[in-house]
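Structures are listed in the sections that come next.
Each of the next two complexes has subunit A plus one other chain: subunit B in the first, subunit C in the second.
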Partner chain A sequence: MLNHRVIPALLLKNGGLVKTHKFKDPKYVGDPINAIRIFNDKEVDELMVLDIVASKEGKEPDYRMIELFAGECFMPLCYGGGIRTMEQADRIFNMGVEKVSIQTAALEDLGLISEVADKYGSQAVVISVDIKRTLFGGTKLYRSATSDTDKENWKTFLTRAVDAGAGEVLINAVDKDGTLSGPDLELIREANNELDIPLIALGGVSSLEDIRLAVEAGASAVAVGAFFVFHGPHRAVLITYPKYEELENLFINEINGRQTK
Partner chain B sequence: MDNQIKIVDIGIGNIASIQNMLKKIGYDSDRIVEPTLKSSNIDLLILPGVGSYDYAMNKLNDGGWSDYVKELSSDKKVKLMGICLGMQLLCDGSEEGELPGLSLIPGHFKKFSSNGGAERLKVPHMGWNTVHYNEKGTWMMEGHIDDPRYYFVHSYYYTHPESTYIAGTTGYGVDYGSAIQNGNVFGFQFHPEKSHRFGMNLLRNVLKQLC
Partner chain C sequence: MKLMEDRLNRANKMRKMCSRCIMDTSAINIRFDENGVCNYCKEFLNRSGSMLNESAAVKEERLLRLVKKVKEVGKGKPYDCIVGVSGGVDSSWALVKVVELGLRPLAVHMDNGWNSELAQNNIANLINALGVDLYTHVIDWDEYRNLMQAFFDAHVIDVELLYDNAMLAVNYQMADKLNLKHILAGTNQSTEGMEIPSNWNWYKKDKKNIKAIAKQFGSVKISSFPAIGTIDYLKYDLIKKIKWISFLDNLEYHKESSLKHLEAHFGYKRYPYKHYESIFTRFYQGYILPEKFEVDKRKVHLSTLIISGQISRKQAIEIIEEIPYASKQELEDDKEYFLKKMGWTKKDLEQYIKHQNVEHSVYGTEIKIIQNLSRIKRQLKKIF
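And then the complex of A and B:
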């Protein structure tokens, strides 16, 4: 049994696959369809595709592309970026996408979260929160569409989002994004303490050991960006994903721990 | 003649995913939006499902689907396959709702307990897990090279005082029936359409069952 999912997180910008560094400087890394085919062949647990400019630029999701992704994904697919209305969500689900990830619209009003959860079930709604650390190490809720922080405490916001019907939480450590410097384990621990629903941790993973540590800190699933698309010190683009046996070995202590408790 | 594969389309499941995978393994399928098609035009009827029990049962009852599906299943040449919530709807009922199910496979659904000891069990059970097929499920596991694993998302699990209808089991806090069958009616708690080659292989085995 392998309960912890390891999820490649792909970022889209104007139809291209990019990778950011602390949410800035998107670097083009290739054709998304090609990347999805490779991840499909590698039998990844799940896939997450996030359009990083749709909300920022007030654009519609790129339906043509999403449909192509869905046709290639024989594993669960989560799409996020620019979803503001139920009609948009309907259209995306109808293409064969399992989950939608919502941030910008939810920060304004959690109504959309409830609406999607009522119609498609909570498991189909991921609330996405970006967390930025302050100079003094505090944590702030970050609004990726406008690149500023929100006044509301992120834990309070998460509680409200879960009450509204979100079935999973994606927590992205802004300062870790693209840095390959290890996940923000303290943040994962804090978030996990607040939640009874699955938590997906994103940001900073640079090794299999980092994935294990994130799981140990309480992540139900670990989303991975740079580590799965870059290779070597010069960050050459190379798409990789651990073998099933590697992940199995990685989590074996975790699972044994669970069974003996 | 080509097999007639029909998928119930009443807005309670992800139909495109199922069609995508069937297409990948070489089969065309159609959505049906009205419960009128004669059984002679159907070899396999797929009942997908996500969402809540009563919401889905209401949809089935209101549209005349419940009677239609029961009627169809009495024609033993027609295979009826439920996926995820679709499998639950084929049984007698669930703790999640008040409404009785279609009662085509005996059994009830119970909620996973999230406080199972020191380790908190996250509910829903979401992610990949293995299925151990028993003798009843021999046809389902044909051609599997290694331990088949599938993608699961659910909060309620199959229970029945006897294991008569269980074809395969999965462990998540408890061991429960994740593949069940009663004659020409069967169901999978997981999503074969989202389970890579393991799901493809299972769907191929299902299609081999068609006359």
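And then the complex of A and C:
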């Protein structure tokens, strides 16, 4: 068992898998069922599927697809996108999904987070925040459903979400999304300082070294998009995942690195 | 499972088999001479015998000429050739040799939604170790599934026409886009040179057939599916001078030793049978073809290997006595996965298998064009 989870983050749009670039220009990358099957065979320890248009278009989660995912997925599955009510969350948990990730509904009202946490436990509810950097390098809470920034300080918001019962925080660096330019380590550090629950860092990972750096900056788990679906200068779709030994070595070095500090 | 095996073997026993290879009367137009040798292996030897028995020196010379030409034509371009990759042994070996010879290929891959982890892993290991760039054409899965459904509803044999046609198209389109003149393919005589009986598959450049079936059975609009027709091919080949080269014919190609080399140096994992890099291909060749069409494609693959001296006839017979799957569980898993991907019930599959089969030529087809072209070619040869 590894000390840190490395989680493929798959983006869903109208039943197909896509990969975005800074939350824009979704490029079609294939059939989600086949991708999940490949990740199964690669013995990935957790998987995340995020529907990027459900909240935007005010649609309900695509239950038919989620049921197929849950049926195909051997590893713990986290689903996010379009969940607004407890009934919807119940339906998704009943299909065998282990965790739900909530953003848009939580930005309006943290009641849903509390309800899910009460019924299924905190470990089953992930609060998802997207963070956008301003021109001057500041950080703003971003609403992906409406593509604008929120006035509330994201750290205050996260504290409230954790108090409401969220068991994990998914923090996604908007400006890093799909860029393969390395994670926003400063953001991870800042978030980690605020939190005493597990932090999943998403955005920018382009190598094993980036995963190590994100963990070193304080991420408990690292979610990875483009790096696991694209290859090389043509962004050729090719699904990969590090070998167990590679991750093991990566984190052994990380621990040793810490001890010598 | 046992049932399937028994049934296959019973059917095989009732057929007459060639005394040299393992082709039998399930192949259309098979004829046997007084020694019981069939026309399939005879024709294969007539056509490819000189190539198979060519001396190493002659092959080498041909290969070096080809490499020189590819380098010249590709000078100053980011790549000098295209190598289509599937994760299978033939295309993997072609890529390895192409790089060893100092060429600068772009590897081209197609994703039709059925790629196996094995295939993805083999491709990743190879291109990383060789430092080769990759381009992937992803066909929209909804579109591809609708096309497959149309082919199932049409009850024609060659459902893989879709994959094979798209793969050809992607290679030509990419060569054209990058202004490259050479597609160095893993296609070859020594492991797949024997002609596939005409009742076992269909003409692979039949875009008209694909479109006709798509229209009749699902009004599928073709948009991300990269189809290629005879005329498109002639345009690429004759006007744009993009040449499809069965690259492995230019070197000594022995499947088993290539596999061992790939395993030892590139973390390659082999498949139990040919073309099993796609889960659908595995299910198609291992279940649909034998069950619905009573065709066992292994016969032509293995017969080719017998004639090219890579396995014995006895070994081949032992292989076809077993079902085309490594285990019962694997077949059941694939069946379940197939049903899920297609949105079928078990009953749908049963009905599909039971339904009467239909010839491709019942629908629109380009086969007449190709027949006329080869007649003209033959006549021209007679004149000159």
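Rule of thumb we're sticking to: the second predicted complex is superposed on the first by the 253 of 261 C-alpha atoms of A that agree within 3 Å, B and C clash if a C-alpha of one lies under 4 Å from a C-alpha of the other, contacts with A are read in each partner's own complex, and residues count from 1 in each chain.
Quick note on the criterion: a residue touches a chain if its C-beta (ideal position, glycine included) is under 8 Å from a C-beta of that chain, and two chains touch if they have at least 3 such contacts.
Just so you know, these numbers come straight off a predicted model, no measurement behind them.
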Partner chain in contact with A:197 - subunit B first, subunit C second, else both or neither: first
Touched partner set for A:220, first subunit B, second subunit C, both or neither: first
Subunit B versus subunit C as contact partner of A:68, first or second or both or neither: second
Partner chain in contact with A:33 - subunit B first, subunit C second, else both or neither: second
Partner chain(s) touched by A:239 [first = subunit B, second = subunit C, both, neither]: second
Partner chain in contact with A:231 - subunit B first, subunit C second, else both or neither: second
Touching partner for A:182 - first (subunit B), second (subunit C), both, neither: neither
Touched subunit A residues, subunit B compared with subunit C: B
Residues on subunit A lying within both footprints (that of subunit B and that of subunit C): 40, 71
Footprint of subunit C on subunit A - complex, ascending: 15-16, 28-31, 33-34, 37-38, 40-42, 68, 71-72, 231-234, 236-240
Touching residues (chain side subunit B, partner subunit A) in the complex: 11, 14-17, 19-21, 24, 50-52, 114, 117-120, 122-124, 126-130, 149, 151, 153, 171-172, 191, 193-197, 199-200
Of all residues in subunit A, those that touch subunit B in their complex: 1-5, 40, 43, 45-46, 70-71, 73-76, 93-96, 98, 119-124, 167-168, 196-198, 220-221, 257-258, 261
Residue ranges of subunit C in contact with subunit A within the complex: 109, 111, 113-118, 120-121, 123-124, 127, 133-136, 138, 140-142, 224, 279, 337, 340-341
